[in-house]
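Labels for the chains are A, B, C and D, by order of writing; each one numbers its residues from 1.
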Amino acid sequence: MDKLREKVKEIIFGHDTKAGKLFDVILLWVILISVLIVILESIPSLHINYYRYFFYIEWIVTILFTIEYIIRVWSTKTPLRYIFSFWGIVDLLSILPTYLELINFGFHYLLAIRIFRLLRVFRILKLVRFNREAQKLLLALRGSGHKIGVFLMAVISIMVLLGTLMYVIEGGENGFTSIPQSIYWAVVTVTTVGFGDIVPQTVLGKFLSSIAMIMGYAIIAVPTGIITVELASKKSEDKVCEDCKHDNPDNANFCNQCGLKF
Amino acid sequence: MDKLREKVKEIIFGHDTKAGKLFDVILLWVILISVLIVILESIPSLHINYYRYFFYIEWIVTILFTIEYIIRVWSTKTPLRYIFSFWGIVDLLSILPTYLELINFGFHYLLAIRIFRLLRVFRILKLVRFNREAQKLLLALRGSGHKIGVFLMAVISIMVLLGTLMYVIEGGENGFTSIPQSIYWAVVTVTTVGFGDIVPQTVLGKFLSSIAMIMGYAIIAVPTGIITVELASKKSEDKVCEDCKHDNPDNANFCNQCGLKF
Amino acid sequence: MDKLREKVKEIIFGHDTKAGKLFDVILLWVILISVLIVILESIPSLHINYYRYFFYIEWIVTILFTIEYIIRVWSTKTPLRYIFSFWGIVDLLSILPTYLELINFGFHYLLAIRIFRLLRVFRILKLVRFNREAQKLLLALRGSGHKIGVFLMAVISIMVLLGTLMYVIEGGENGFTSIPQSIYWAVVTVTTVGFGDIVPQTVLGKFLSSIAMIMGYAIIAVPTGIITVELASKKSEDKVCEDCKHDNPDNANFCNQCGLKF
Amino acid sequence: MDKLREKVKEIIFGHDTKAGKLFDVILLWVILISVLIVILESIPSLHINYYRYFFYIEWIVTILFTIEYIIRVWSTKTPLRYIFSFWGIVDLLSILPTYLELINFGFHYLLAIRIFRLLRVFRILKLVRFNREAQKLLLALRGSGHKIGVFLMAVISIMVLLGTLMYVIEGGENGFTSIPQSIYWAVVTVTTVGFGDIVPQTVLGKFLSSIAMIMGYAIIAVPTGIITVELASKKSEDKVCEDCKHDNPDNANFCNQCGLKF
C-alpha cells in the first residue's frame, strides 16, 4: 500500500518519470479545456444553444479534478499541509464552485471563479524548460524589489496628489465627482491608458494634465532601467561558453551544448 | 537552353549581378505601386471616379507578376519546392485574387488579399544592407525567445484572470457582456491602449482596473530589459575597430571601414 | 529645560532612538488616516451620511498635528529656519485649511489642500531602508538631468509644432479650436495617452497624426536608454560581494550581508 | 567697413564674445515672446479682446527679426549660401507671413506658420551646455539608424497588413470605411494610443486587435534596447575620472572637474 502510494505520488507530484510526464501533459490539456469551457459558457448565444454540452463537459472535468484532488490528499504524507498550501487551495477552488452550484447556492457568478483553474497550468509549467527562464526573471524582479517599490510609491503619490488637484480644479460637473474618482482618472492618465470617459474641460485642468502625461510618459524609463540593469547583472553571472557562445548557469562545470569544460 | 535558364535564375533569384540588382529595383517599384493601388482603390470616392485606371494598372501589374512567377517556376531546378515554399505561396497569392475576380468569384473582399504583395518587399530587402541589422535583431529576439515566451504567458494569464474578474464585478449591463469581451477589455487596458469603448462603472471595478493599469504600465519594463540585455551581449561579441571605432562582425579579420587588421 | 528640549527634538526629528522610531510609526499612521479621511470625505454619499464622524476625526488629527507643529517649532534651535523650510511649510499646510474652514473662509475646496499631508509620509520614509534605493534613483535621474532636459525640450517642441500644424489643418470645427487646445491634443497623442475627446477628421490630419504617433511611440526609447545607462554606471560603482553576490555601496569595507572583507 | 562687418558677424553668428552671448539671450527672449503671441492670438476670446496688442507686438517682433535678417545677410561673406541654408529659410519664414498678411494675401492660417520661429531657439541652444548632450543623443540615434530603420519598416508593414485585414473583417459599417482609414486605426492601436473613435465590433476583429495590441505593447522593447545599447557604448567611450567619478569626453587629457591628469 505504502509502495503504491509512493508510486502514485511520484506520478502526480513528480515530473521526472515517464508516467509523471504523461500525467502532466494530460492534466494540462484537461485544465485548458475546462478554462475554455468557462470562457465560452459566458457568451450568451453559446450558453443558450449549447448549455447541455457545457454542462456535461463541466461535470466530467470536475469529477476528474475531484479524483485527482482525492488522490493528491491521499498520496501525500502530510495531507493537511497540502490542503492548506497555495496549490492545495487552488486545486480545491477548481472543483468547489461546480458542487456549490449543484446545491443551488444562488450566486451564479461563483462559476466564474473556476477560471482560477488557469493557475494550475503554472504548477505544471514549473517543471519544463520555461522554468529556468521564469526563475531568472523572478530573481531579477526580486533583486530590484526595493527600487521598484520606491518607484511605485512615488508614482502612486503623484496619482493621489494629481487626482486631488484635478478634483479641486475641475469639480463634479466635469466628471471629477469625488477624489477617488479623480485618482482613478489620474491612474488612467499617468499610465498612458487614456480611456477618455473622463477628460479635463478647464484650461488649467488641461495644462496640469499635459504635465502629468509627459511625466507619466517619461517616468516609465525608471522601472525599465532598474530591471534592465538587474537582468544584465544576472546575465553576466552566467558562464558563456568560449566555444559555442552558449549561455550556462553560473554553477555549470561543462557547457550544456558542446560539453566544453569550464 | 540550360545556360539561358541558369542566367535567368541568376537575374531573378540572385542579387549580385548588375542585371539582378536592376531586376530587384524594378520589381520593388512594381510591388510598391501595386500595393498603393490596392490601398487607394478601397477609398470609395476614388473607386467611383478612377475605377477604370485602377483596373488597367491592376491588370498590368498582375500580368507582370504572372510572367515573373512563370519564369521563376521555369528557371528553378526544383519547381515544386519553390511553389510550396513560403515565398512561392506569397508570389501565387499576389496574382491569384485578380484572376479569381475575373471569373466572378463573388467575394469582392478577396481583392484585399493582394495587400500581401507587400511581403514580397522583404524578399528583395533580404539582400541589401538592412539585412545584417535585421538579422542581428532577429537573433536577439530568438536568443531571448524563452524569456519573452514566459513573459507573454504571464501577461496573457493576467489578462484572462482580470477579464473574468471584471466580468463578475461589472456584469453585462456595463458592457462586460461575456468573458471573451471582458478579456478583450483587459487586453486593451493592460497594454495601455485604452480605447474607452468599454469602461468600468463600479467602484470595485475601477479599483481593480487601476491596479491592472499600474501593472501593465510597469510590466513593459520586463521585455525591454530582456531584449536590451540580449542586444548588448550581441553587441559585445562584435569587434570594435580600435582605430575608427567602427563596429565589425565578430568573424572579421579587417575593419571594413579603415582596413585595420585585427 | 534645554535637556528636555534636546530629548524631545531627538524623538521628533531623529529616527535612531527607540522612542524616535515609535513616534515615526505613530505619525505615519495618523498621516495615512488623515489622508484617507480627505479622500473619503469627497465622496458625496459618504459625506452626507458620515459627515459628523469625518468632522470629529479631522479635528482630532488637526489638533494632533498642531501639537506636533508647536513642539517642532519649540524644540528646534532655529525655529524660523524650520518654519520656512520645505517641510515646515508642508507641516503648516497640513493644519491651516481646517482652521481656515472654521472661520468660514468660504472656499470649501481649500480642504482638499490637506491632501498634501501625504507629502509628510516621505519625510518619515527618509529614514528607512527605502531611502538608499530612492537616493540611488535620484542620483541616476540627476546624473542624466541634462540629457533628459534635451529630450524633454525636443519632445515639447515637437508637440508645439504638431499642435499648430493640426490647428491649421483641422480647424475649429473638428475640435482644434485654438493652438493651446491643439497642443493639448498633441500632448495626449505623442505621449500615447489618446483620450479620444478630440480626434483628427481630415485625411491630412490623420496622416500627420499617424507620423506623430509612431514618433511618440518610438521616442520613449530615448529617456529609457539614458536612465538605463546611468543606472548601470551607478550599479557598476557598487561593490558586489564575491561570496554572497550581495550589492554593497562603493565605500564599503565589509559585505553588509556576510561580513566578507573587501 | 569690413572690420565692422567682421565684428557684427561675430556678435550675431558667434557665441563666444560677451556681446555675442548677450545678443543670443535677447534673441531667445524675443523668439519666445513671438511664439507665445502666435499661440495666444489663436484663442478666440483673447483674439477679440486684445487684437490691438497682439498686432503691435507682432509688428515690433517682425521688424526686429527683419533687421536681424538684413544684418545677417549683410554681415556674412556668402549671402546666398546663408539665404538658402536651413537656418536662412527658417529665418525668412519667421518674418514673411506677417508681410504677406499685410498685402491681404487672404489665407489667414498662413500666420500660424510663424510658429516655426520656435525652431530658431535651437540655433541659439546650439552653443550652450545642452549642446554636448544633444550631440551625444543624436550620435546614438544615428549610430543605431539602420536598426531603427529596420524596426520602423517592420512596424509600418505590420500596420499596413493589419489595417487591410481589419478592413476586410470589419467593413465600412463599423467605421473601417477604407484601407487608409483602417491603417490609421492600426497605427492608433499598435502604438497604444487608442483614441477609441474607431473600434472593432466583430469577434474576429476584436481577437485580431488583441494580438496586435499585445504585439505593439511588447515590440516597443526593440527600439529601446537598440538605443540603450548604443548609448551605453557611447558612455563607455567616455573617460571617467578615477578621483571624482566625473564623466569626461574621450579626448580629454584632464578631468574637467578636478583637473586630474588622465
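The working rule: a contact is a pair of C-beta atoms (placed from the backbone, for glycine too) under 8 Å apart; a residue touches a chain by one contact, two chains touch by 3 or more.
Quick caveat, the model's predicted, so the values are computed rather than measured.
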| item | value |
| --- | --- |
| Contact-richer chain pair [A-D vs B-D] | B-D |
| Greatest separation from chain A - chain, by CA centre | D |
| CA centroid of chain B to CA centroid of chain D, Å | 29 |
| Rounded Å distance between chain A and chain D, as computed from the means of their C-alpha atoms | 41 |
| Set of chain A residues in contact with two or more other chains | 151, 180, 183, 192-196, 216, 220, 224, 226, 228, 232 |
| Pairwise touch network: line, ring, star, complete, or other | complete |
| Interface residues, chain C side, partner chain B - complex | 192-196, 224, 228 |
| Sites on chain A touched by chain B in the complex | 35, 38-40, 42-44, 109, 112-113, 115-116, 118-119, 121-122, 125, 129-130, 133-134, 136-137, 140-141, 148, 151-152, 155-156, 180-181, 183-184, 187-188, 190-197, 216, 220, 223-224, 226-228, 230-232, 235, 240, 245 |
| Chain D to chain B touching residues, read off their complex | 146-147, 149-151, 153, 157, 160-161, 164-165, 167-168, 172, 177-180, 183, 189, 192-196, 199, 203, 206-207, 209-210, 213-214, 216-218, 220-222, 224-226, 228-229, 232-233, 237 |
